[in-house]
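Below, each structure is written out as structure tokens.
In the two complexes that follow, subunit A is the common piece, with subunit B as its partner first and subunit C second.
Then we have the complex of A and B:
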């Protein structure tokens, strides 16, 4: 039995999730220049909103999806407006912002656990059957196929947004130099608010996809955030396209790693890969 | 009365943890969120050595500290490669790895079952034999350790070593120019802090007499970090105050009568909010001197 095609399929699926998360993380890191740990918990917000709207209330699935993406984006926007914006206006150091965002993560995930208990939940019951496809000896479900497609679409959408629209140009300008961007008349506050909304919404989307594929729990944010950050560092931090490469490299390393080593060491493999990069190529695959 | 002694012992253990974390975060400016890992290594070393090999508590404590020193030195060397604030994320990752090892290396740690029946410390020098089996005697022992750790932290703060650390925290490049190897200083203090945390772990294992991996999660690290941020970074007094407040405050929730899971989550929510509010309105904490 040849396992390699299956491993490649698994890596592509895991890589797509990582890529989506890394896109969301890099989006705010590149412009706001601080590590937003609160981004992790947006996955749980997205997942649990779908759980509540579509499973508990019994509303149609599309409504749950929209609510999940919008709510996670909105919470991210609120966190920016009421926490990060005043801190940044005060020229607080990155460590202060990081601890504040750690507080956001801790508080929000505790609230979710109080509302929905800390049990593991799955969203796959909302789908009417999850077809299994086979290609070149690799099996994957319809959900996993859509994860890959969503990843590709999201990437194209973001690339278009950043390259062609005014908002994208403002974002890139803020990333280069916020002061100068302000001087030439870009409304940086508004652009930042939108960026955080977008980043949170992407996190929520990733959380929903994770919920359909495996499941959700309130504390899911931190592990997924770490994976996203590892992918971002490997790819070259703040570099959106590098992050994608990092995400897939990480996914391949993990999935081929647990072929030979027990699955519990997955986190250690990710860390090992990160160390290798920090030693020999600290700037990542693509330099920003 | 027993309840108050119990709280006092917990406060002493967490004050040791806070003091030791403050060495790395407050004095050297290493934003470490992995203290529960060292706490856990110390606790597990004591638990395994005393239940399986019948090693005396005090010897087990020393062995645990030595093991933690090796682990923390290696991880410190890795963390030093991270740029800026990414150290915090790297340390979170390390905490998760240690936790997953505690959970999955079942032959050694019994995994989620935990290790029960850890003995209370016994002292046997010459003809004097004494067992710290009553909670009151254990409290005295814990307070002795707390005093020792406090004095050690104060000694480090006031030594030339401590002054160099503070200077590195303020301006690493300048100190490099003066010929100080910032990396060596940071690694040294990181290792010392981790060893002291393992002492707290040994005390914790011997006091509760049962440990399992759920105590040494990332939440615990965040809790200890919250304690020193609340008390104030780079202040030994602040670290103790932070630990006292954060241990005693949630005990009030106990009297409100929430179910235990909800009470635990409410505590987490409060810690999170506290971090946000502190960062917004008082980043130096109650009595701290160092603003992040």
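Then we have the complex of A and C:
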């Protein structure tokens, strides 16, 4: 069997999950202008909430999904309100905010490990059968197809939100010049709070999808965050459309890169690509 | 008086930028703020609009609101706004959105499901027409010429419908036609009873537009009064020309 269709399918699936993560990451980066490492742990919050609500408590899956998305959004909102907002008010540097967000990631990760142990868990048992499809010689599961569809829907939703609503325009304005946004009367604090909520909720959704596809563990946040950051930088950090391009470029590079070599090289390929971009096209594919 | 400062003080690394300044701006009037470079004109605007915190003193708005600290996020709520010496726009956004965004609904759902979209669009188009940028409404702000950028900043001010406006060198670098537009906008705002503070180097424009004039030198108030009278003062001429 020719492996190329499968590599393409794998790349599209990985690209979709990277794209969802990058959308969430870029949302706060574009406005708050710092690398929010805490975003990574929202994946674990989303995944573990579904695990607890629907697997441990036995509540319906839809309830677990809603709880997972809302809780991750809420934790992200709290992190902004009680950590990043006061630091930004003191005009702390991006490095300070990055370290603070790393603290958020580490602390929340530790709490999840205490509550659920460090054991790898899977959410796939919650689904009654995960059909396998075959198309153009490539096999993929219903969950993987859902990831792709969610990615597309989320992108369309965010594009609509940013382009067509005044909330979206205010978001772009804050990203452009926060001081001027304030002076023209935009409530930047509230807008930023909402953006962190939205970003966290997207991270949680990504974590749930990852949980259904592969599985969840408390330390899942960092590797997925790094993938999102690499994709965002490649695409043009802070640019939501660029982030999508970066996500798929990264996924194709990783999956085709390990065609003839061991899978352990995947991370090296990702960071190799990142270094190439940082050296020769630091503004990414799409400049902001 | 709609806006007053009491012993406003700001220093940068030992240099007094604004030195215990007590001035007031009258409601409905255009006050010209002049002074040589480095006299503290722009710093004064930055202090009054919360862009720079002041070290001591007080800002009083409409007799009733006393501030020992001004936050730029609160300024619009008190009906104050400003333009910038170096124009600051939302560069990634089209011209129309630069104006629309200041009309943003404050509530979450109001912002998401804009109920007054048509009204806001009409208002945005009206102010863009007023400054002659209607044809450019779909262009990105960053692609505008320098003069057009200045006009867009003024359109943004008009959309906000503020009570007090600080104009920081609004005529610098403008072609005569554009200059006429800004002059007529300022005169119209005056007819509407808006309070305007105009920082400007062009003395002809100060004479033409200002009802009152204050002169700053090294952060201190050097003179104030009717423009033709103030501009004729020997100490003002000396401070300006460095004689």
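We take it that the second predicted complex is superposed on the first by the 288 of 288 C-alpha atoms of A that agree within 3 Å, B and C clash if a C-alpha of one lies under 4 Å from a C-alpha of the other, contacts with A are read in each partner's own complex, and residues count from 1 in each chain.
The definition used in the following text is that a contact is a pair of C-beta atoms (placed from the backbone, for glycine too) under 8 Å apart; a residue touches a chain by one contact, two chains touch by 3 or more.
Small disclaimer: the values here were computed from a predicted structure and weren't measured.
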Clash or fit (per the criteria above) of subunit B with subunit C on subunit A: fit
Comparison of subunit B and subunit C by subunit A residues contacted: B
First (subunit B), second (subunit C), both or neither touched by A:95: first
Touched partner set for A:228, first subunit B, second subunit C, both or neither: neither
Subunit B versus subunit C as contact partner of A:114, first or second or both or neither: first
First, second, both or neither for A:271, with subunit B first and subunit C second: first
Partner chain(s) touched by A:189 [first = subunit B, second = subunit C, both, neither]: second
First, second, both or neither for A:173, with subunit B first and subunit C second: second
Shortest CA-CA distance between subunit B and subunit C [superposed frame, angstrom]: 17
Overlapping contact positions on subunit A, where the subunit C interface meets the subunit B interface: none
Touch list for subunit C against partner subunit A, complex: 49-51, 72-73, 75-77, 81-82, 84, 88-93, 97, 100-106, 108, 111-114, 120, 156, 160
Parts of subunit B lying in touch with subunit A, wherever the complex brings them together: 31, 33, 78, 81-86, 88-90, 92-94, 96-97, 100, 103-104, 218-219, 222, 225, 229, 261-262, 265-269, 271-276, 279-280, 283, 291-292
Subunit B contact footprint on subunit A (complex, rising order): 34-35, 37, 83, 86-87, 92-100, 102-111, 113-114, 117-118, 222-223, 226, 229-230, 233, 237, 262, 264, 267-268, 270-271, 274-275, 278-279, 282
For the subunit A and subunit C complex, residues of the former touching the latter: 161, 165-167, 169-170, 172-173, 175-177, 179-190, 194, 288
